[in-house]
Structures are given as structure tokens and as C-alpha cells.
């Protein structure tokens, strides 16, 4: 094969260069995480006398145990639990209310349907970051500071998921609902027996995206959880840095960083197909 | 588009949308309305009453040197984050697309930083470039470069840009790779047979066919840089030094919660709201166009 | 099993009337085919009987009982949809059993009825499969099975064969008819295919623009079409229409003669030029063009000699085979 058609399918030296390029990319992506992992396995003394080692040490168990059970302001295990509750609450809560309202908009004609649809559409535009101060006041007035409801509810109040489910329901053939009607199924029966099982993959894909979204929240928990016992892990890391000139306890901080990554990374890698699908669909 | 089948009933659908209506009304529309309302008032010094100032807050805002500077900072930051993360992602995607075997493996290796929270990414990069213990700082020092992002504004900006872009590479990579793989191989082979070399092929065929993906990512990345990088900035620089990394979202937070200047913070929220609306309109315009393809 | 009565049934969407009043008394066990081109309102009519569309005016009775306001389930009907509408996530068994489960039929009874239907439709090996694992013909049978297990008073079919290939269509046509006879259930069957209508119907309703142009037995309709539309729609190749003026008659009428009733001859009523001949084996179709450009087809026995292309010939027919229509398309 001549040289320039060979450019379509790389072989020989070209192939190795391609791999090399990719490996450099992967290394660039991995290096910060590798370093964090190493730091979580050595003593603080080794870190504060630079350069720190680039190969893991023997303090893995000690550092992680310390982080999980004691932490700095609160045990990391507790923070992880808070994150889990928040992420699950956001993912499941949003999916549940979105499924119901998408079902209503698509399969019923009711007064105010158009208005409702456009109100929902409007919420697609405004991330919580834009309206933090007044939202904070609402939560404070409800006495929801330092509570799971306070962490979860404002982040459920957007309609991305409703919009996605609406799009999906529109693609479900009309005849299925008609067949269900002929079979004697009422609307809710149709919803639970037919529509919900058919939406399984969409639900799962959306779950992955929303779980990560919830787990990785930073600004909101930072504002409304003043009690360390209610901190989520992602925002709790920053709280571990001492104020002033003291040395941070890096092994604990880095162990916490690693622990903060593990659940969402497991979700992404373990459900890669669903995740990619969810990503692509939610951006359509 | 409408469904042919509609179930009968008025109360049932209203009941079904009720949870969403309640939550959205209380936690979305009310606060958003409050933001707009508050932006038209200033509280008196004792916080007892609000005084109507009309657009005064906005006038005050735009006469504030720091706020105007924050616009420039945000623009520079967003453009850099977008260019860096999309550039690296495109480069990796082109390489992965050239592999017949193994592109899946690289994809698995490259996607998971998506799962790393921006705030955690901030901590990781802060650790590497920490002025006292950072590995990279130490090696740079040995090479004769004195890294100090705590004092140097340019270095601070560089660090938050790299940390923000780093976490975003996966996302862009996924979309670029999907876009590249959607280009029919026969088109590229035809060009190769016509004698086009790699760079010519990329410029004349691949890049134009990839442009919908690129444009989409451009908008999405700018939105990301605007709103989701708060964690990176807060963990690494807290907006400093001298507000050199205070992007608009960070300023809403620092003026509203740290500075307790509610009127100004609300006015800033409204400005942001306006910007997001424009970005969203651009995004939907584009998506509409893509549907017609 | 029951009679079905449509009494001046009308449908309008807003101010637009789409069905202009259709009436028919269907006898118990009768197979009625509603046939017409797309957009003629045939599916709408069926869906009104099913209860999937509201009835704007008139009355539908099943077994002598007015059902206008009843939900589909309460009407004692079963329906086979054009795209089968099988529940994709349920097995064949569950698809067939779903309606019975909702009706809270006893489990053993459900199993027995599904087994019976599966046997009848040769679906026994596939009961645990999902619809996507079945061929088009098998899916079609599952859709039938779902209708059968309900033991409805009336079967409704909405173009059930249009998604199948030609060969399977012929086979399923026979099967559906055989099954309906065996079960003795009244059936209403919608199709745009006049061959299906001719071969399956006890009686057919030919719909055109929301009006039932003619209701009758297939051969009667064929032999004696009530309107120009029916004469043109039923039968293939279609009836030849010739302007009265071309024949030197009153210009306000059109005359129709079926292709098999026309013959090419040396002397006849009309001059025409042969455009081409299609020899199909058993018969030959001779296509011709008249002086005013009207196209005409003659169907003749394969044994008969056929003229050369381009030849100027005459066309002849018996006066008794003439069908005359006025300007509004009504038979005169």
C-alpha cells in the first residue's frame, strides 16, 4: 500500500506514534490523581519536606482509617454518607417528579399545560449559582439550613429531566397507549406497567448523570451546611485546610480527595455505556 | 408535536405536575423573582427597611472598577478554559479515532476525570503547585523558576485555567470522538485516494464535518467555565490575588455572602441571568439547526 | 359475538368534518372491510368504534347497546394495530395476558386462554420471547393472539398486514379470514388494499372523502359500482373512463368499462393507438391512448393475438357493460 493511503490506517511507526500521543494524554490526565494517591499513602513529614516521593508509601491503612473515622472537622465516612444522601436524593427525587410531570404534559390535555411547559422550559436556563442569595434566604426561612432537604430540594428545582422524559415519551408510539386502553389499562396503570419499564435505560442513564451532578455539588453545600456533621465530602475537603500559616495535614486531605472521587468514578466507569448515552441525550 | 392519544381527566394530571410545580415555584421562581426585585433596592444601614433605587444598583455596579474587571477576567478565563480543554480533547480524539483497535480502552482511561468534582480537581492541582510543598513548584524551583500563584496574578490565572480545563477534557473528548467516528470512513478514503494528505484531509473534510460538534462544545464549555468552575476558583485562589481570578459567579458569592452586599449581589445575579439567557438562546438556535441536518 | 350498528356516525375536528355520516348494520359473525385511499377517514371510523376517538354525532351500538360514551375496554372489542403495538418489554405470553390481568381474570384461566390462542396461532414455542426477537409475521400473530384471548364481541383490524412483505401478506390474509370464521367473531377490518377487501370481506364499505360511497358484497360492488370513485378504486387494472364527448354523446357524462370487457378489434366504437403490451402469462394487458390522450387498458386472454405497439386500432365493448356517471361521479 502506498504511503498516502497508509495515512488512513496508521501502521508501523505511525501507529506507535499514535499510541505514544495517547499515552502522554492519559499520563497528563492521571498524574494529578496519581500524586494525590501517593500523598495519601505517606506521612505528612514526607510531604512537607519537598520533593515528596512519587511512589506510594506504607501509610495507606493509617491515613485512610484516620480520614474515615476522625477526619479533621468531621469523620470523612460521615461526609461521604451526607454526599450519598444528597446525590441519591437529587437523582431519585428529580427523576421521580420529572417522570410524573412529563407523563402529565405528554399524555393529558389539561388547562395550563402550555404555560406549565414553558415555565419548565425557563428553568432550564438558570443554574443555582445565579440565584444563590435569595434561594439561601428561602432555605433559611424554612429552617432547612444544615438539613438534607435544604441540600436537595433547590437542586431538584430544574426541569432538564422533565424535558428529557418529555422528548422520550414523544417517541413512544401512540398505538402502545391505545393498545393499553383497549386492554383496559387506565392512565396510571399504563404509566407503571408500560411507560416506566420502557423508560428503564433512559432512567438509568439519567441517574448516572444526576448522581455525579449531586455528588459533585460544591457551592450550595458550602453555603447551607455550617455544621461540620452535615458537610458533604466534596465541600468538606476545602474545610480541612487550616486558616493562617499552619501546615495542612496533606495525607488526610489527599485520602479524602481520593475518597471523594471513588464513588462517581465507579459509577462512570462501571456504567460507561449508560453514562455516555445519558450525556449525549441530555445534551441533545 | 402532539400525541394522538390523550387520557381523560383534569385533576389527575394536575396532581402529577403538582410536586414539580411546588418545588419549582418555591425554590426557583420565587428566588429568581426575589433576585430581580432585590436588585432594585438597597437596604438601609440597619437592615430594617429597603429603599427603592430603581436601576441604581446596576449603575453602581457598572461604575465599579472591580466589577468591570471581573467581566474581563471571566472572558479571559472562559476562553482559555474552552480553548485548552477543547484543544487537548480534539488532539486526543483524533489520535484515538485513528486506531482501529484500542480506542475503547483509551476512552475508558480518559473519561473518568469527568467524575471528578471541580472542587476536587482544584485541590489536586493546588497540591501540585502548592508554594511550600508542591512537587511541580519544587522542580520548577530547581529549574530556576520561582512559582508563586499566591502572589503572581498570571500564574494564578494559569493554574485555575489548567485545573478547570483538566476535568473538562473527558467530556470534550467523548463528543469529539463520537463526532469523528460518525464521519463515514469512505469519505476520508475517497479523499486519500484523491491524494489528500492527512493535514489537507483534516482541514478540508474532517474539520467542516465536525463543526456542529465543535460549535456545540464551544457553547457548552463556555457555560461550564462561567458557572461550574466556582469550586476550582474557591479551592485554589479564592478569587485572588487582587481579584485576578474573581469571575462573575465568584463575585456574586463573595459580595453576597462574604461582603453581605445584597443589593449588589442581586443585581449581579440579574446580569448573570441575562448572560445565561443569551447563551441558552444561542444553544437552542444551534440545536434547532442541527435537527434540520 | 354480537351485532354492530353504526347509525349516521359523524366526526369533526373543530369545523372540519372528516366523516359525513356512515350507517351500517353488521350481522353477528360478519366480516366487514372498510377500504379506501389514505385520508378517506376509514381509520378514524374504526377508531370511533374502538372508543379511541370520540363520536361527534350519531350512534355506535355493539350487541344492541349504545357504546358512544364507553371506554374501549367496556365495549367488548379487541383491536389489532398496524404496527402491532406490542409492549416491547413484555414476553409474548405477557403481551397476550395483559388485558386479562387487568380484568382480574383468574391466573389458571389466563394461562389456559393464552395457551389456546398460542396453539391456534402456532406461537407455542415463542411464548417466552420478547417481541423484538420475533419475525414480522410472528409479531402479527401475537397481535392477533392478544385480541383473541379477550374473547371480544368484535374484532377491529387497522391495516394489520401493511407492514408485511407481499408473500406473507397473502398468507396472513387467508389465516386471518380462517381464524375469524372459526371463532365466529364479528370483524371490522380497515385496509387501503382493494385486493384484501375483495378477498376477505363478506361485505365492504368503500370510503371516499369521509363518505361511504358504497356498502355491499365484493362482487356486487365490483359488478355494479355506485360511483365513479368506486368503479376506479375497486379492481385492478382500474376501470377505463371515457368522456361522453369523445364518443359523440352528451359531454356531461363519463362512461366506464372494465378492462376485461373491452376488446381490440378492427371496427369498434373508439379509435386508439397501442402504446405497449404487457404479457403476464395468463393474460395480456394492452395499453392504449385515445385521440384526446385518455389512457385505456384492455385485458385479454393470453391466447389472443395482441397488436403491435404503435398500431392504430379500434376498441369495442357491449353496451350492457357500460357504466355511466354524471359530473358529480354518481351512477346514472
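Worth a mention:
Each chain carries a letter (A, B and C) given by its place in the written order, and its residues are counted from 1.
Convention: a contact is a pair of C-beta atoms (placed from the backbone, for glycine too) under 8 Å apart; a residue touches a chain by one contact, two chains touch by 3 or more.
Since we're looking at a predicted model, the values are computed, not measured.
Closest chain to the protein centre (all Cα atoms averaged), using per-chain Cα means: A.
Interface comparison, A-C versus A-B: the pair with the greater number of contacting C-beta pairs is A-B.
For subunit B, the chain with the farthest CA centroid is C. Note: centroid distance subunit B to subunit C, computed from Cα atoms, is 59 Å. Subunit A and subunit C have Cα centroids lying 55 Å from one another.
Note on chain placement: the centre of subunit A and the centre of subunit B lie 16 Å apart, centres being C-alpha means. Looking at subunit A, one finds that residues 178, 181 touch two or more other chains. Annotation for subunit C: residues 52 touch two or more other chains. Multi-chain contact residues of subunit B, defined as those touching 2 or more other chains: 5. Across the interface of their complex, subunit C is touched by residues 173, 175-176, 178-185, 189, 193-194, 197-198, 200 of subunit A.
Those residues of subunit C whose C-beta lies close enough to touch subunit A in the complex are 50-52, 71-73, 77-79, 81-89, 98-99, 102-103, 146. Subunit B meets subunit A in the complex at residues 1, 3-7, 9-10, 12-14, 16-17, 19-21, 23-24, 26-32, 34-35, 38, 88, 91-92, 95-96, 98-100, 102, 106, 108-121, 123-125, 127-128, 132-135, 137-139, 166, 169-171, 174-175, 178, 185, 188-189, 192-193, 195-198, 201, 216, 220, 227-228, 230-231, 234-235, 249, 252-253, 256-257, 262, 265-266, 269, 272-273, 276-277, 280, 287. Listing the residues of subunit A that touch subunit B in their complex gives 4-5, 7-10, 15, 18-19, 21-22, 25-26, 28-30, 32-33, 35-36, 39, 47-48, 50-52, 54, 96-98, 100-101, 103-111, 113, 116, 119-120, 123-127, 129-138, 153-154, 156-159, 162, 169-170, 174, 177-178, 181, 186-188, 190, 212, 215-219, 222-223, 234-235, 237-238, 247, 250, 253-254, 257, 260-261, 264-265, 267-269, 272, 275-276, 279-280, 283-284.
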